[in-house]
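Below are two complexes that have chain A in common, paired first with chain B and then with chain C.
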Partner chain A sequence: MVVSETKPNPVGESKPRLDAREKVTGAAIFGDDIQFGNALLHARILRSPHPHARIISIDTRQAEALPGVKAVVTGKGFPGYIGLYLLDRHIFCRDRVRYVGDPVAGVAAISEAIAEDALELIEVEYEILKPVIDPEYGVSSEATLIHPELDQYQVASFILPQPNSNISNYFKIRKGDVDSAWDNCAAIVERKYRIPHIQHVPIEPHVAVAQVDASGGITLWGSSQSPFAQRNLIAQALGISQSDMRVIAPYVGGGFGSKAGVSMESLAVAIATKVKGRPVKLLLTREEEFFTAFVRQGLIAYFKMGCDGDGNLLAMENKFYWDSGAYTEYGVNITRASGYSSSGPYEVPNVKTDSYCVYTNHPVGGPMRGVGMPEMHAGLEQCIDELAQQIGMDQVEFRRINCVKEGSILVTGGKMHPTGLLQCLEKTAEAIGWGHKAEASAANKRRGKGLALMWKAPAMPPNAGSSAWVELAEDGRVTVGVGGQDLGQGSFTVAAQMAAAALGVPYEWVRVATPLDTRYSPYEWQTVASRLTWSMGNAVVNAAKDARQQILEMTAEAWDEDLENLDILNGMVVSYKSEREIPLENIVIYGLPKADDQGWIGGPVIGRGKFMPDYVTGLDPETGQGERAVVHYTTGAQAVELEVDLDTGQIEILRGAAAFDVGKAINPELVRAQIEGGFVQGMSSALFESLNLKDGYVQNPSFVDYRIATSSDVPGGIQSIIVEVPQDDGPWGARGVGEHSMVPTIPAIANAIYDAVGVRFDGPPFTAEKVYLTMLEAGIVK
Partner chain B sequence: MGFHRINLTVNGEMEQVDVTGYMTLLDMLREKLVLTGTKNGCAAGECGACTVMMNGEPVNSCLVLAVECDQALIVTVEGLARDTQLDPIQKAIMDAGGVQCGYCTPGVLIASRALLDRNPDPSESEIRAALVGNLCRCTGYIRIIEGVQEAAKM
Partner chain C sequence: MVQIIGCENRLTSIVRLGISDRLEEFYNTMNAYPGLPEFDYLKPETYAEASEFLVTHAGEARPFIGGTDLFVQMRDRVLRPKYLVDVKGLEGMDEISFDNSGGLTIGAGVNMNRLIAAPEVAEHYQILAEAAQSVASYQLRTRATIVGNICNASPAGDTIGASLLLDGMLNIYGGQGMRQEALSTFFLGPGETILQTGDIVTSIWFPRPPDGVKGKYIKLGRNKLSDLSIVGVTAVGYPDADTVSGTHFKLALASVAPVPLVVEKVGEILGVTPVTEETLKDAAEAAMEACTPIDDVRGSARYRKLMVRNLSLNALKDVWHQLSLLNA
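Entry: the complex of A and B
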C-alpha cells in the first residue's frame, strides 16, 4: 500500500475540503432542502406522554376524518421488529410505551399544521405501569420488566441479554486474580461516578422523506450516517427485500452518532406506505430532537484500582450500569466496548469488570462520539490521578509507567499493536507546561492543570465491510464512489486524496459521487466508529489501484511494453523505458489501438475495491479473553489549564493541548480540526451539559435550558499535536481520530479543577453552581 | 385564510410574494423563494442557523414575520458572492478550516459579514460576542474566529 515517495502525493498534505465552496455559498443540499413540490405531505408523530404504560386502545377515527389528513398510522399494521444488534422495538408502539416520546401514531396531512391538529384528535387509553428510572435498581429482581419478551428477540451472537431481567447485554472481564491482588497494593482508590445523559445536538434536526413507488419500492431521503444499515433494518422490519428499499443521503448537518442506525426514519417510511405514492416528510422539532432522537446514555460507574509502592498498577475492579433507555439500538455494544476497554489505556495484570446494559424508561441511548469511552474515561482517569497522588508520584510519571506500549498484554488477553501513546503523553505534558504552576490572573482565582489519557477502538461487528469504485471520464478526471458519509469530518476530501495518490492523478481531478444513494453507491457498513479513513480508505485505495492496473495493462499491451516499466504520473501514462507518454483523457473511455493497429483494446475503466477485517476473534463470554478483540486502538492524551473563580465557581478554560496517534495524517489540517472540535464538544459536556430527567421526563429540551458551548466559552488556543505510529493495515498507516478527541476531556478538566482548588465531583457537568457549592462545603470559600 | 402581498429585495432582486400573516421570514425564503441556503435549526431564535441580514442588521429569520419584511432589504448566504467571486468572509472562513458539516455556516457567515460591515476591525472579543448566538457543534469556533480575523484584513 506504500506509494513511491518520489511521485507527487497529495496524501499527507492539507488539501482544501471538497465540499467547502458548496457549504459557504448555501448551495450544499441537506435533507430538508430537497424539493418535492406540491405532492409533499407532512407527518407529525403522536408520542407517549408516559414513561411506561400499556396501550389499551387507540381510536384514530376523528383524526382520519379531519380534512387534509391523508393517513393515520399506528403500530397495528407493522408487526416487525427493528434494531441493529438486538431487535427490540417496533416502528410504532403496539402494546406498550416505554419512554416519554415513544411513537404511538403518525399522521400525514397536506400541511404540518393540519397534521399537528390531527394528533389532538387521536384518543389513546393507557394503563400506567411502574417506570424504571435508575439502571442500578433496574438490574434488581424487584424492578418491573420493561421487555418481558427479551428472550424471544433476535440478537447478534456477541450480545448477551439476560432473560427475565432488564439486562439487554452483560459483558464480563475476568483476567488474572483480582481478589488476591489487593493484598499486594500499597494504595487503593475506590470511587463511584454518575455520568448524566446528554444530547448530540447536531445543528440540523433529523429529517426523513419517504415515498413508495407504483411497484412497491420505497425511497427514503434523510440526514443519515447509515444509509445501508437503514436499507437493511427498515426492509427487515417491513418484511420487504433490501433491494426494494433505496436510501438517498445528502449532506448531514452534524451527526455525532445521533443519525446512525435507525431512529425516526422508519416512521416516515411506515406512514408513506399508506399514502399512495406521495412523498411524506418528517422533520423533528428541536424539542423532539432532545429526547425522541438518540441521547448519549447515562452511566453509573464503580471503579476500584490499586498499585504497588513503585506505582505499578496491579488490579482493577469495575462495574458499569449503562442506562440504555427504553430500547438499545447501540447501547448493547457500548456496554461491550466499555468492557473490553475497561482497563483504560493501561496494562493491568488483574482485571474484573462487569458491564451491564440496562433497560430503563428513559430516552433511547444511541451511539455518541466516543461510544462509551468519554463516559468511562471520565471516572477512570480521575482515579488514576488520585492513585498517583496517594503514593506520592507525579501523575504523568505514573501514566508513563503504566500506559500500554507495543506488546503490552491487554485487558482482553491479546497483545497491543505499535502505538504512540507514550509520545502523546510526553508531548501533551510538555505543551501544557506540566510541572510549572503559573500565577492566577486575579486574587479571587485559582489556576490548575490537568491531564488525561485515552484509548478507543472502533466498536463494530468483527466483519464490518467497505467498498468503493473509481471511474474515469473522457477528460481523464476521476469520480470516486463511496458509501460512507461526510458529516463534516472531511471523509470525502480524504477519499479523494487517497484515490488521487493511489491512481497517480492530481487531487484537483478527483470528485466524490454524491449524494450517497444505496442504488448506486458502493456498500459501506456505517459512518460510525471513526472507521472511514481506515476501512473505507482501504477500499478506495484498492479501487484506485484496480483502475490503475487496468490502464497500465491496456497500455502495456498496446505499446508492447512490460508492465513494470509503466507508471501513471500526474494524469499521464508514462514509460520509463521507451519514454513514451500519453494523457489519461480519452484512453480511459475509448481504449488504445492495438500494437499492430488492427483493432482496439481497453474500454471504459472502472476500478473496484473492498476492505473487510478478517482477523477479529471472538471473546470468551465468561472471561472476556481472546486473541484479538478489536481491529486497533487509537490512543492519545489531552491537557488543560484553567482557572476557577472563587466568588462564582465559574471555570474558564485558558488553553488546551492534545496529541493523538493517528497512524498517518492523510490531511493534517482536517485532523487538527477534529482534535479542536472534539476538545470543545468534550469541554461543553464537562462544563454545561446534562439532559435532566425527572421520573422519566426530560426537563430541559431546548437550547435555552440545555446549554452547549458558544463562541464565548472556548479557549483562545488548543495546541493540536499529531503523532504517527503507522497502523499495519491502514492506508499509508492511517487510523481514525474523529471521536477520540472528546474522550479524555472530562477527566482532564476534573483533574485540573482538583489541581486548582482541591475538590472532586461525582460527575459532570462542572457548572459554576456545583463548583461553588462544593467549594463551600469543603470550606475553601466562605 | 388571508394573504398579504409584500414587496421586498432579496439578494439584490425585487420580489413580490403572497404570504400568510403567520409565515416567518425563514419559511418565506425557503419555501416561497426556494433559497434553501438559510437553515432551520430550532425555529425558536436560539441557534442562529437561520440568520439573515435585514436592512443591514443580522436577524434570526425564524423570529421575523414575512409581513414585517415589506420594502425590506434582505441578504441571505446566497447573496454574499458576486457571481463566482466569493465575499472575503466566505473565503476566509473556508481557508481557516471553519467549515465542517456546514449547517451553521450560512448563519455564521451572515453574522460575521454584518459585524465587519459595522466594525471593519473587530477585536477577538468583539468577534466572539458577535457570534455568541450562532451555535456550532463541529468546529469548536476557534477556526471560525480566525476566519473572521483574516477576513477583516482582506
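Entry: the complex of A and C
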C-alpha cells in the first residue's frame, strides 16, 4: 500500500502551537479575564509589616462595620496546616508572623478600594521578635527558633527536619573518603559564593477567584501550574474532601515555578467560605508579587574540590546553607535536590555534602525554574574552571575527562543512564569557537568566552503520577484530556503531537481539553520539574494507544481479521492483508456492524492512560547513597562570548550557544524556544536580578528597581543545539528541557568575564557597578 | 494604613531594634495599592479657566498632560489630587514650530515620539531628540512629553540636560498672564520648581542653536532599555572664535545632584586652552568634582562619581570628534 510509505508522524516536527492564534489575537482567556458579574467580591490582604513577631491581638470590629465590607477573615477559623512536602504553614497567621508580607487578615468587599480601606481599620498588636536574616546564623544555637513546633509538623518521608533548630531539611552525601583524598590532589580550589534571592516575575501576577456553594463545595479559578496539588492541599487544610474542591485553571501568563504548589490561592478560598455563594477575587499587585509570592531562595555555598595532576577530579566537599524563608513547605525538596546532584555533572569518587534548608524571616522560598540547580551550578562550574586553570589544563578538556558518561558512578552511588553530555560539551565548544580569542570591538572593551555544563533531574516525589484520556468525536477528531498546564512552554502542543502519532491521525485533528478543570481533567501531580513531556507524554501515549487498541479490536472483529494486520493511518483504519479501509468517522461513536451483520460492536471510544515511575529507591539518610535516586538527568552545556566595558563595567553578551540532551525533540522549535528563553532568563539573573533584602524588608519590590533583561539586552545570536540520546522510558525517548536551559548561564557568564578581565565575584548579579569597582580594586582600570 | 493598638509599646520595641525607617518603607513602597484613587477629571477650554480652577482648588487640583509620572505617583498615593485638570487640549499645546530667526517652540502636549520624529528637531536640535530617545520605552513616549519631563523635576530627567544646554525657556501661563522663565533657574530640588499654583507651562522655546553645534547624550542604566539613569551626561560643543580653543563646550549631568547640574567649569577649562586629550581629561575630572551624588538602590555615590568622570570624558571626546569632522 502506498499509504504505509508515507506513514505520517508529527513527532519530531515543529508543528504550530495549538494556542498560537488565541494568544496572538488576544482571545485567550486568563484568570483575570473571567467575568463573574455583580456578585463578585474583591479581596485584599492585611500583611505583616514585621519580619518576625508574635500576634498579641487582632481587632476586626471596625473593619467589619465599614459599609461594603462582607467579610473579615483571620487565622482564627482556620487551624489546619498547608504545605507540599512539609506542613508548616497556616492559611492566615495565627499566633506568629514570620516575614514581611505574611497574611494576617483578609477582607472581602464590594470593591477593591473598600477592601483596601477596611484593612486600615484592622487593629493588630504585635510583640516584636528577633528576626533571623542570615542562614548561616540561622543554624546556630543562638538563633531564635522560627518554627518551635517543627518536630510536630507532618512531613514527607524523604525530608529530614532537625527538631529544635531552624533546619527544616538536612541532606547529606557521604561517598568514599573525602578527608584522605585531599592528600592525593595536585590542585585544590576552595570558594564561597552568595546567590541572592530573585523573583520569577511572570507577566501575569497571581490571581485567584474562589466561590463556595450552599453545600460547601468549593470552586477555585486561578492562574495555576498545579490545579491538582491545590485541590489536595487546600482540601486537607480545610478538612474537606478533595472531591468537594474543584480547581479550574485557565491559561497562565508565565509561571516559572511561582504558581506551583499553593500560595495565595488558599487565602481567596478561606475568605470565600465566609461569604457563601459569592465569588471572591484576589489579584496580587506587582509589589505583592515580589515579596509575598514564592521567591527563589538565597544560597550561601561553600565548595572545596581537588584533582590529580592529570585532571581527574578526586574529591568534593560542599556545604549549602539555603536561605529558604519563613516557610519551607516546598523549599525543603529543593535543598534535597541540590544535595543529590551536588557533584554537578561529574564523576567524583569522594564526595561529602551537607545541604541545610534553613528557616529565615525572609520571603517564602519556593520552586523556580531549575529548583536549586542554577544556584548550585553558579559556584560549582566556576570552581571547575579554576581547578582546570590551576593544573594548566584547558577547561573544556578538563570537563571532557570528568563529566558523567553512561555507566559513571553517580554521587548517590547509582549508575548514570545513557547521556549525550559529552556531545553537548563538544558541540557547544565548537559553536562558540572555543580556543579562538577574537579582537574586542573597541579600545575600551575586553572580550571573553566562558562555558559551563549542567545536569538536573526532576525534583519531585519518587511516585509523582500522570494520567490522560483520549476521546473521539463523530468526525474522527480527537480530544485529549490532560491535567498538566501549558505555561507557554507548549505542553498542550506536544501532547497533541504525541496523541496524533500514537493514534494514527493528523496533528491538525487533535485538540486538548481546556481549561484544566479538576472535575473533568485527568490527574496530574504538578506542571513542574520539566516532567510533562516525559511523564504526561507517557500517559497521553498510553491513552492514545488504548483508544487505538479499542478501535482496532472492534474493526478486527467486524472484518474478521487478525489484529496485527490492522493499523490506523491518517485517520483511516486499514488492513495490510485485505487492503480494506474505513475512516474513523462515525465508527468511533456508533461502532461497526458485526461481520455477519447481525448486531453491532464497539461504541464510543475513550482511551485512558497513566504513567508513574515505580523504580526510584530511597537514599540512606546518613550517606545519601542508594540505587536510583531520581528518574533521570537531563544534561547540557552553554557558552557565551561577551565584552566588558572598561569605562563602565557594563557587560554585553555578544552571543550564546547551548546544547541539551533532550532524548528526543518532540517539537524542535519548542525545544529551541526553551533553550533560548532559559538563556535569557539565566542571563538576566546573572547580570541584573536580585531581590535586595535589608533587615527582612525587600528594597526593590517593583520593576523600577528590580531590573530584568529586556529584548534590547538579548544578544543577536543564541545558537540552540539539540542532542538526542534517548531516555529508555520517555515517549520516543524524550526527556525534559524547560528548566535546564537557565542552569549553566550564571557560571558561563562568570567564566567569560574572568576570561575577559581576570576578575571573579562572590556571586551574581554581575552589575556594571560591581564589575567596575572590582576591576578598580584589581588595578585593571584607574 | 494599619492602625495598631498599644502603639506606644510597639514603637518602643521597634526603635530598640532600629527598624522604624524600614517599617515606614514597608508602608510606602511594599504594601502598594491595587489601583488609582478616585478623582474628578476636568477639561477646561481656556488657559484662564484652567488656571483659575487650579488656584481656587489649590492643593486639590493638578494639571495633567501625559500622566506618565502623575499616575504612578497617584497609584502609590504619593499624590492624591481630587481633580485632574487636563490642559493638553488648550491652544498651542500640540504645536511644534521652527523658524531660522525665532527658534524652536514645542508645545507642552507634544509627545516625545513626535518630537523625535520632527525634521526641524532632527536637523537643528539633534541632541534633544537623542535624549528623548533614551526615555522609557516607545509605548510610554507616546504619552510622555518633554515639558512634563522638565516639570517633574527629577534629577534623573533625561531631556533636561539637553534643554538646559540649548538655553531652553519655558512659556508659562499664570495669574499675570504669559511669562517666560529660564530653565537655568527653574529647578529648586528633587520634584521642586519655581512654578506657582495656577501656573500652566504652555511650551518650551529654544533659540536657534549656534552654527555647527554638536551634542552627545550618554545614559548609564542598569540595563539597556527603559531604566532610570544611574548617571546621565549631556555634552554639547560648537565653534566659537571668542575662545582660545576655538570651541565652546557645555556639560550637564543627571542623577548626581539634587537638581540637574550644569558644570560651568567644563566650558572654562576647554575654552582657555587648546582642546587636547589632557584638557578633556581635566574637564571630566572637574565634572566629577562638581557633582554630589548619593548612594541609592541604583548605584553608590562612589561609582556615580567615577562614571561622571569616565562618561563626561567619552561624551566630550565624542563631541570634539564630531566637531573635527565638521572642520575636516
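A few remarks follow.
Here is the rule we use: the second predicted complex is superposed on the first by the 776 of 782 C-alpha atoms of A that agree within 3 Å, B and C clash if a C-alpha of one lies under 4 Å from a C-alpha of the other, contacts with A are read in each partner's own complex, and residues count from 1 in each chain.
Assume contacts are C-beta pairs under 8 Å (C-beta built on N, C-alpha and C of every residue); 3 or more make two chains touch, one makes a residue touch a chain.
Everything numeric here is computed off the predicted structure, so don't read it as measured data.
Contact with both chain B and chain C is seen for A:V704 once the two complexes are overlaid on the shared chain.
In the superposition on chain A, A:R286 makes contact with both chain B and chain C.
Touch criterion met: A:S712 reaches chain B and chain C at once. By the touch criterion defined above, A:H436 lies against neither chain B nor chain C after alignment on the C-alpha atoms of chain A.
Within the superposed three-chain model, A:L776 lies in touch with chain C and out of touch with chain B [touch as defined at top].
Once chain A of one complex is fitted onto chain A of the other, the partner contacts of A:A27 are limited to chain B, with no touch recorded for chain C. By the document's definition of touching, of the two partners only chain C reaches A:I128; chain B does not. According to the touch criterion, the shared surface of chain A, contacted by chain B in one complex and chain C in the other, consists of residues 285-286, 702, 704, 708-712.
Against chain A, the residues of chain C that register as touching in their complex are 1-6, 9-10, 13-14, 17, 19, 22-23, 25-27, 29-35, 37-38, 220, 222-228, 230, 297-300, 302-303, 306-307, 310-311, 314. Partner chain C is touched in their complex by these residues of chain A: 44, 46-47, 49-50, 56-57, 59, 100-101, 112-113, 116, 119-128, 130, 283, 285-288, 291, 647-648, 650, 687-688, 692, 694-702, 704-705, 707-713, 767-769, 772-773, 776.
For chain B in complex with chain A, the residues that touch the partner chain are 30, 34-44, 46-47, 49, 76-78, 80-81, 86, 90-91, 93-95, 97, 99-106, 109, 124, 127-129, 131-145. Contact residues of chain A toward chain B in the complex are 16-17, 19-30, 32-33, 35, 200-205, 251-256, 285-286, 487-490, 669-670, 672-673, 676-681, 702-704, 708-712, 714, 716-718.
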